[in-house]
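The data blocks that follow each hold one structure.
Consider the two complexes below, in which chain A is the common component and chain B and chain C are the respective partners.
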Partner chain A sequence: MTTKDKYKKVAYYPGCALEGTGHAYNRSTKAIGKKLGLDLVEVKNWNCCGAMEVKNVDPKLQTYLSSRVMSVAANEMDMDVVMAPCNGCYHNLKKAEYDLKNDKESVEVVDRLSKKAGHKTYESGQVETIHALDWIKDAIGEDGLRERVKNSLSGIKVANYYGCMYTRPRHIFPEKDAGPGSESTSKPHFMDDLLAAAGAENVDFPLKTACCGGAHTLSDSDTSTKLVLNILKAAKLAGADVIATECPTCHTGLEMHQIRAEKRLGVKVEIKILYFTQLLGMALGLKPKKVGVHENISSSLSFLKERGLA
Partner chain B sequence: MPIHEKSLIRPENLKTHDSLILDGVDVSGHWSTFIESRVVADYNEAIEDEIAALPGGEHIHRCWQCGSCTNSCTVNAINPDFNPRYWIYLIRMGMESELLRDKDIIWQCVSCNKCTYACPRDVFPEGVMKATSHWLELKGHTPKSPSMHFDEVFTEQIVKTGKIEESRTIRRFFQRTNQGLLQDWMLEMVKQLLRGLPIGLLTRMGLATFVAPRTSNWSRASAAMQEYIDEQHEKQEEALSLAQLVKAAQEDVAA
Partner chain C sequence: MRPLAELESGLDSAGESPDVQDGAEQLLRIGEEVLEHWITVKGEVPTDDRREGFRLLALHRQGAKGDPSFNACRETCREIVYHYNLITMQPELADSTNRLAMMKMICSHLFLFVSGKMQVAELGEFCCSSKPIRLESEYNAQTTKEA
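Entry: the complex of A and B
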């Protein structure tokens, strides 16, 4: 089976954020899946992957949590691909996969906890974890998108923001940096490719993989605000109208600290923030409400109307 | 030009005198500024092993001080005192008092993993930062950082229910760190969100604050994880000889 066919039906792991503040990402991912004829089967009775917090209490606990999600997909649903749109989930599943392949102690802890919890232990290699970007890139591709675009994003200048967890650390992403066609960890381009296929004009954005301070959004808000301001200002300077995101933590972080910067530092950076799935969805002819534009904190409806997308 | 990563001369160690004559020589003014030397006499050779015993710190011994971590660090760019390379050096040398000068900022690592990406020796500096801030808290050098409070609130909820419900986590975190929930920017955020009238979303989030989303049949997993956490805490206490520390403190108080 080719990758293209393999990704036509995948186990979908939305994760906690996509049921709360990141619901617009959930809605838009499902909507474009439906529009493109791709089948998303939600992982049954899933649990949190551990996010960025559990590892600070104990990294192996996080490995267990992530492994349980993969175990359910593999052993209870008989799926071989798990698609996680959230960078945090995607990163943690990848990290668990790496640890279970390379670290004996992790295997022991996960096996012990899985047995006590009463489910099959996940074994490395049972499933392949992919991001929503891999999913569309491989199952549909740029050419496939170009054929299906109804409202071109032409004239919209986009800064593609990938954040930390999609590319770092390098060793948990063995398929990246693997020559032509593969994703790059230093200059990721999958989101750029997809949005360009939908007609958008990508600006040269140097802070693609900069950190938004998501881990300390609430515990060290001043640091996060400074980091987000860097990103917003750089995107603005690069000439972008919109920052496209592919992670709910980054997305909410940018929205929150855009407001916080204005309130606390008196610095206002006028730039729209949208999930890449929202932009793609509208390019495919979906209405803004269908892709959850009304669920974003920062309002971009008037901008979208101006550009003929709403 | 060499990279000027860190000056070891502290402003308070620079001594100038308006009028001072030493052995008949006038040494007043800036031209004869003295630099008071740093004296380190309290090497604590146990620190490296103790930090290596905490999760994340395992590979600290691999460091050969190239400075790639500090050079790539997100936090260092906004606060030059945040210096992973230097802290790893101090830990490996056992220079405890020097390390403690920075004890209140080490927890501010944002886990962006740029250091781990750049490190040629697989030290995993991000993990070392977490282990170090954990060590400072366990040894009683610093109170629990806001970040650790957040991690604990978060983990407790997952162990209990299997899932995170954001508003509950945020509320508990603000409670535990004695902050008001009604920050001006939070209110503004809610106001802006309401403008779009996301009725479905609000209903869902509203319901979630009453009925926490949970993974079903979670109780066995929950018990297993709690047992594992307790076990790990015991191991860490032993590695850091915390029982002896408490005993010594009690004897001090008694005497």
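Entry: the complex of A and C
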């Protein structure tokens, strides 16, 4: 089976953020899946991936929590691929996969906890974890997108922001940096490729993998605001109208701190922030509401109307 | 090594320098000094080595040794070098002023990242997603590889 065929039906792991602050990402991911004829089967009774909170207290417990999601997909749903659109979930599932392949103690802990919880122990390699970017890129591809575009993103200048967890640490992403066609950990380009295929003009954005301070957005808000403000200003300086995101934590952080920067520091940066799935969805002819534009914190509707997307 | 506050104020003047080459040199030096701060607070002596021709990259590598979360600024350092090269190799280009302004933004990000990291108790807990990987034991081998 080719990768293209394999990705046509995947286990969908939205994760906690996509049921809360990142609901627009959930909505738009499902909407473009439907539009593109791709089948998303939500992981049954999924649990938290262990996120940052559990991982910082007990990394092995995080490995177990992520492994359970993969175990359900593999052993209870007979799926080969788990697609996680959230960078945090994607990162954690990949990390769990790495741990279970390379660390005996993790294997023992996961086995013990799985038995205690009453489900089959996940074994490394049972499923392939992918990001939403891999999913669209491989299942549809740039040519496939070009054929399906109804409202070109032509004239929209986009700074693609990947955040820090999509590519780091490198060793948990063995499929990246693997030659032509693979994703790069130093200069990721999958989002750039997909949006360019939909007609957008990508700007050269040097902070595409820079830290947004997401982890400290509550404990050290001022640092987060300054980091986000710098990202917004750099995107603006690069000539972007929009920052495209592919992580709910980054997205929410950019939106919230854009507002906070104005309130606390008196600095307003006029730039729109949209999930790449929202932009692709509108390019495919979906209405803004279908891709959850109304669920974003910042308003982009008038901009989208100006550009003929709404 | 100048104090962090002085480095922060130096970002603006360097980024707005009418002499783009001089501005790029100043920003590169600020980047190095920011990393020197990080290495010094960890109790080490900043290296004078160069990697790929740049001390900045050698300092970043030194700063990330045993602390993979510091790799969150790896590409930022490489972008500083990239912009430095663009500016100093073709200073006559019309958009060199914009490139210098962008280099300032990137240096500013490095400054914010490192200074923010230093503010947090016990140093280096800034990127909590990487915390477990920084723990001792089974991750040591990968730590070396990543650094």
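Following the convention adopted for this analysis, the second predicted complex is superposed on the first by the 310 of 310 C-alpha atoms of A that agree within 3 Å, B and C clash if a C-alpha of one lies under 4 Å from a C-alpha of the other, contacts with A are read in each partner's own complex, and residues count from 1 in each chain.
Everything that follows uses one rule, which is that contacts are C-beta pairs under 8 Å (C-beta built on N, C-alpha and C of every residue); 3 or more make two chains touch, one makes a residue touch a chain.
Source: prediction; values computed, not measured.
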Combined model on chain A where chain B meets chain C, clash or fit: clash
If we overlay the two complexes on their shared chain A, which of chain B and chain C does A:Val149 touch? Say first, second, both or neither. neither
Does the superposition put A:Pro59 against chain B (first), chain C (second), both, or neither? both
In the superposition, chain B vs chain C on chain A residues touched: B
Per the contact definition in the header, classify A:Gly88: touching chain B only (first), chain C only (second), both, or neither. second
Tell me which partner A:Ala238 touches in the superposition: chain B (first), chain C (second), both or neither. second
After superposition on the shared chain, which partner residues are touched by A:Pro206: those of chain B (first), chain C (second), both, or neither? second
Would you check which partner chain A:Asp103 touches, where first means chain B only, second means chain C only, and both and neither mean what they say? second
By the touch definition at the top of the document, which applies to A:Pro169: first (chain B), second (chain C), both, or neither? both
Chain B versus chain C as contact partner of A:Thr223, first or second or both or neither: both
Go through the superposed model and pick first if A:Leu113 touches only chain B, second if only chain C, both, or neither. first
Superposing on chain A puts chain C and chain B in one frame; which of 8-16, 62-70, 80-88 or 98-106 is the clashing stretch? 62-70
For chain A, give the residues common to its interface with chain B and its interface with chain C. 52, 55-56, 59, 164, 168-170, 210-211, 213, 215-216, 220, 223, 226-227
Under the definition above, what is the set of chain B residues touching chain A in their complex? 55-56, 74-75, 78, 108, 110-114, 116-117, 124, 127, 130, 134, 145-152, 154-155, 158, 162-167, 170, 173-174, 177, 184-185, 188-189, 192-193, 195-198, 201, 204-205, 208, 213, 215-218, 220-221, 223-225, 227-229, 232
Touching chain A in the complex: which residues of chain C? 68, 71-76, 78-79, 82-83, 98, 101-102, 105-106, 108-109, 112-113, 116, 119-120, 126-133, 135, 138, 142, 145-146
Sites on chain A touched by chain B in the complex: 16-17, 19-21, 23-24, 45-48, 50-61, 64-65, 68, 109, 112-113, 116-118, 164, 167-170, 185, 210-211, 213-216, 218-220, 223-224, 226-227, 255-256, 259-260, 263-264, 292-299, 301
Within their complex, state which residues of chain A touch chain C. 52, 55-56, 59, 62, 88, 91, 95, 102-103, 105, 164-165, 168-171, 186-187, 206-211, 213, 215-216, 220, 223, 226-227, 230-231, 233-234, 237-238
